[in-house]
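Both of the next two complexes hold subunit A, though its partner changes from subunit B to subunit C.
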Partner chain A sequence: MTPILQWLAMLVYLIVVPPLVIGIIRKTKARLQNRVGPPLFQFLFDLIKLCQKSETVSDTICWIFRSTSAINFAIMLVLAVLLPWTGFKPQIHGADLFFVVYAFALAKFFTILAALDSGSSFGAFGSSREVFLSALVEPPVILSLAALGIGVQSSDLYQAFSFESLSMAHQSALWGLVGISIVMSSLVELSRMPIDDPTTHLELTMVHEAMTIENSGRNLALTEYAHVLRMTILFGLTFQCFLHAVPWAYTAGPLLIGVIGIIGVLLVAFGVGIFEGLAVKLQWRKNPDFIAYSLTMSLLACFIAVGGGIVK
Partner chain B sequence: MIHNSLVLPTSLVAIAAFIWAFQALISLLSGRKLNQIFAATLFGIPCLCLIVAALTGWNHDYVFAAPAALSFGHILWQQKLDSLACAFIGLLGFVGLAVSFYSPGYLSHLKDRIHLGQYWASIGLFMMSMMMVVLSANAVTFLVFWEIMSCSSLALVASEHKEHEVQRASLIYLGATRIATAFLTVGFLIMYTHFHSWEFSAWHLAGAHNVVLPSILILLGCCIKAGIWPFHVWLPYAHPAAPSPVSALMSGVMIKIAIYAIIRVLVGNGSDSIVVAYVAFGLGLISSFWGVLFALVQHDLKKLLAFSSVENVGLILLGIGVALLARPTGHSVIGTLALAAAIFHALNHGLFKALLFLGVGALDASVHTRDLRNLGGLAAKMPWTSACFLLGSAAICALPPLNGFASKWMLYQSLFRTTWVSSLSALDRGVALASLGVLGLVGGLALATFTKAFGIAFLGKARSRAVATQAHEVGTGMKLAQVILAVSCLVVGLAARPLTSQLSMVSAGLLGVAVSHEVAFPIPIAVFSLSLIGIVLIVYMLFLSPNRVRRHITWECGFGEALARAQATSISYSQPLARIFNPALRSELSVNIVGSDKRHFPEVITFEPELGKPLENLVYRPATEFIQYLAKWFNKLQTGSVHLYLLYVCITLVALLFIGIRL
Partner chain C sequence: MTFSPTEYLAIAACLTAILMAGASDLRMNLTYYSIQTFLLAGVTAVLAPILKEEWLLVLAVLLALIKGVSVPIFLNWIRQKIGVNKDIGVMLATPLSMHLCVVLLGASYLFTRTLPLAPFEGRSWPTATAAVSLVFTGLVIMLTRRIALSQIIGFLVLENGIYLFALTQTSGMPMLVEMGILLDVLAGVMVAGLLIFNIQKSFEHIDVTLLDELKD
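This part shows the complex of A and B:
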């Protein structure tokens, strides 16, 4: 495919897939609860509605609040272009493992400061819970991606997820464990069930919603889109891990892998929707136990990578 | 190439030394009538000289000595200026330049509390001695200027000596410096008896026997000065007690001088002792975790920054430990990368920690409090200070594209590469992986700490009326100092690639291996930042700005405008994380309820959180009490009777004669 076609395809993905991901999660939960549920593209309609509304900001804020949504959007856009979350090869190389983790941290930094900016106690509680979760979930994320990196002897995620690194072709256990660890860490970072219920708006349970409680209008549209794009990227990486666990994927053609990649993201969204419909929110003091499960999976993956004798 | 002549860098160094000594003398003689601008100019010119010397002396080796009349006994006053020294001299000059811009404005707020002549004299001596320590080529020169550095910094820490807290802090700092010098002196003496030379370049530690003990002593002596766990207890006392420019110099530069000493004496001479390497690695790892954990729960901004210095110097020592472990086993790429990461992080930390301390000083000068329980909402009244503090916080959290990210990336990369090498034992690779995980946690905790520091101090509403009314932006000098440090953080971050290649040459030279092209910083940071800024600007201008915005109060559930004290406090922000790590923090809550019926009709509820200090209470306090007990016991020997003293003299003489004849 020519580069222009690839960029156009990426543009279409970024407009279509994130709303579909969140739409599938909500629709699945609704059907499990015997409701009809919102239309699949409701998120897109919500964004359009928000763009037409005016914005109300607190009089305590400074420039950080007004620019955070643009900064988050920019960071997620750059990461969506760099990371191999679709089955297609990213057009631009540069997805270094530590760079990606710290780019996510940059987005979190500004989100937290924007929440503290308005002087609202909701924002402060959300920020304090967000730093709690993100500090505890950094080791599992770094270790699981490092396990992949050990296999290809590089910290370049592009190389790790590439279908040409044949040394990783038969490491099903490694890919499976990394996939489980990443999906559990993603649920924690995105503060979805069982860490936090994203549908309630109670002081006791909000993390992400608490931080965006002061946003409105176009600011809120950008923030929500950046959040859903992050969800899509992380679910995409999860599916890529499970896809790499199947040795057949290394011999299939790139177009087929690309199509399977997109369908896979939606499948992961479906799975997360079922999980959210059935799961019970954990007591806040039990959240570190859930993160410990994710850390265990990543440590097991590291043991396999170090002791498994992967020959490049 | 070794030049012996008086070329530009060496002459600039000599000029700088003279001007600082002259400035110290003038300040002492003028006393309180000293003109601030004159003193600051005299202080700043040598800093400029040092920056130029560092840039021109890069990649050259100069050895020069003072005339024989100025030698210490029969040991020459020798100096050596090579690339490693240039790096640290450049850092010293740059931070010193910022401090020279900053000091006049800051001191005008402190005028009645400190003696200006003593301050400028001490700070001139401090800078001169730090420069001489970096340039020392033999152990005696090093110790002489190390002592001058300790004593002048003590005088600076004790500037506001009328405060009880400052007196206590000065005594603790004095004790720490004495113990550090003792360790260093014994270490150097043992090295001298082994190698029969005082010069550092003559101590060839590679493959030598019996050098483990002096190496450990030197390492521990430098660790005490650098603030590594478990010797870090003096840092949280000394840095808050000192005036802010002094804290910036101490935390930004002096701690790194101790690290420089480790690199020069141990790494540069080829130390291949596994014990030394593991001690450095272990202490560094524990310090980084301990420091950031304690930083998270502080409510005094300067104490928070002091503990954060403990964390960062732990990271630097971790890099040095990895380099010391990698070299004997022949993994030159890992060693070069780790040492380059350590040096780079030392320079970067000097820049952003100095920036943060100057920012806290500006805050202190403006609202006269550093306590997070009273601060808030300063971003509107102090826009320059808050923007620079934001940049410093982002840099210390290692966020791209700033300089902290570049050095931390290299540190991560060196540990990561250790896990690839299949010839290493599984234990070594496992330890490297575990340290990767611990560093990830440390990074997450640092993010929590600095979002707390910036968010609670500068954002939201002021938590006390005094802060709300008194806050104002500081003067031009203080703003300029912070801006040049902030811009330098950004520039160093964007220029990470060429800087890394230069530093990799330095570290390869120190380790005695060939330069490898694998030691590089491959991430296109400039492209990333440009694309990020471009997207942000486009989105902001086209999408967000044209929208009409209505201002209203913060949402508070319809109850109307909330009190400023209803906002989150520093303790509530850090409570979820502090609760998990409570076994290490040992935080206790004392609640006192006063009222006619405590349960049903309380009148006053006092709620005091405090940190139990395990290291101080379990180790240092018993040790000091034991020494005091010993001293009181020995006091019995001093009876005041001349006859008894004559008897002591007689017994000593007889004993010495006996030993002299018998042996």
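This part shows the complex of A and C:
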């Protein structure tokens, strides 16, 4: 494909797929509970409605609260362009793994600051929990991406995820472990089911919803869209990891890989929906145990990456 | 790094052992143990045509039946009789002991790389790593658990490791010896289970940290 076409495909992708991902999760969950559930594109209708509403803000806010949703959205767009989470993407070098991890952290940092800025006690609850979870989930994310970096001998994720590097072609065990580690960490990052139930607004447990509770109107629309975009990117990254574990994918054409990538993101969303319908929320003090499993997977991935290097 | 089927099965077995070290629920531990034994039976069955020893197939079936089915069922029955579900552990929290086991897996890799390995088919460093790591994980489970039932489980994991090492690294033991070991394990588990039952009856708990108090 020519670059212009690729950028256009990317644009359509960014508008259509994120609402579809959250829509599929909600629909699957609803069907499992014998409900009809909202239409698949309900998220887009919600966004349009939110954009028409006026905004109510707290008296204590300063520029941090005003600019946070825009900053989050901008960071997510940059990551969407840089990260190799889909086949239909202009190929850009420079997705350094440390940059990626800390760009996610920067977005989270501003969300936390904005929640504190609004002056509500719920915001403070949510921020404290979010900081607790981020501190725990950072090692598994960095270690699993570093395992890929060790495997390909570069910190550029574009190289690790390109189907051209032969050193990664037969590392099914490594890719599988990294995929499991990333899907578990992203459930924590997105504060989804075993960590936090995003549909109950129970002030004793909520994490992400507590931080965005003071947002309204267009501000809320942008925040929500950034959150769903982050979810799509992380699910896409997960699926790409599992896709790289299959040796067949290295011989397939780029167009086929792109189409499989889109279906894969929706499949991951479907799987998360089923998991959320069946799983129960963990007790808050059990959360470190859940993250410990993710850390174990990434440690094993690192071990395989380092060990594989010695064997060669 | 490409693995043969034997190596995949052996490494999957040592992964289940690592997950066992991280699970504090005793029933979950027994389920993992059962899966692990079935994987080892799979290794035995895959090795049978490679080593051209048909009796290994018989051994695989017996392994799955005795250690994979009856031992977990028996231990689960004991667990229900005593009424314990969880083992919170001593010294190390369960997630940390899981991480320790991953580190020990790395250590056993470095250790087995220095071993002189026989250049037979099916005898390679990944299976040796898995075997030594199973032994280490069994030791960690035995050392860091509070409930006496976990000590039996840890011992069984350790025994699995020794079995895997003997199967994949030596030219193998005679059939009668293997059968005898299987019988020994079954009898050992029976005796240990009944012993726990009696400890529970006279002390009213099976907490190994409190068993050092002498009683008249």
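Descriptive notes on the structure:
Keep in mind that, in the parts below, the second predicted complex is superposed on the first by the 304 of 312 C-alpha atoms of A that agree within 3 Å, B and C clash if a C-alpha of one lies under 4 Å from a C-alpha of the other, contacts with A are read in each partner's own complex, and residues count from 1 in each chain.
Basically, a residue touches a chain if its C-beta (ideal position, glycine included) is under 8 Å from a C-beta of that chain, and two chains touch if they have at least 3 such contacts.
These numbers come from a predicted model, not from an experiment.
Of the two partner chains, subunit C is the only one that A:A173 touches; subunit B does not reach it.
Within the superposed three-chain model, A:I213 lies in touch with subunit B and out of touch with subunit C [touch as defined at top].
Which of subunit B and subunit C touches more residues of subunit A: that partner is B. When the two structures are aligned on the shared chain, A:D289 is found in touch with subunit C, with no touch to subunit B. Of the two partner chains placed by superposition, A:Q240 touches none, neither subunit B nor subunit C.
After overlaying the two complexes on the shared chain, residue contacts for A:S165 are found with neither subunit B nor subunit C. In the superposition on chain A, A:S121 contacts subunit B only, with no contact to subunit C. After overlaying the two complexes on the shared chain, residue contacts for A:L300 are found with subunit C alone; subunit B is out of touch. Contacts of A:P139 after superposition on the shared chain: subunit B is touched, whereas subunit C is not.
Residue overlap on subunit A between its contacts with subunit B in one complex and with subunit C in the other: 288, 295, 307.
Contact residues on subunit A toward subunit C in their complex (touch as defined above): 170-171, 173-174, 288-289, 292-293, 295-296, 299-300, 303-304, 307-308, 310-311. Residue ranges of subunit B in contact with subunit A, taken from their complex: 376-377, 379-380, 383, 386, 390, 394, 397-400, 405, 408-409, 412-413, 416, 419-420, 422, 426, 429-430, 433, 436-441, 443-445, 447-448, 451-452, 454-456, 459-461, 522-524, 527-528, 531-532, 535-536, 539-540, 543-544, 547-556, 562, 564, 566-568, 572-577, 580.
Per the touch definition, subunit A reaches subunit B in the complex via residues 54-60, 62, 64, 66-67, 69-71, 73-75, 77-78, 94, 96, 98-99, 101-103, 105-106, 108-109, 112-113, 116-122, 124-125, 127-129, 131-132, 134-139, 141-143, 146, 149-150, 153, 155, 213-214, 217-219, 222, 284, 288, 295, 302, 305-307, 309.
Looking at the complex, you find that subunit C touches subunit A at residues 1-3, 11, 15, 18-19, 22, 94-96, 98-99, 102-103, 105-106, 109, 113.
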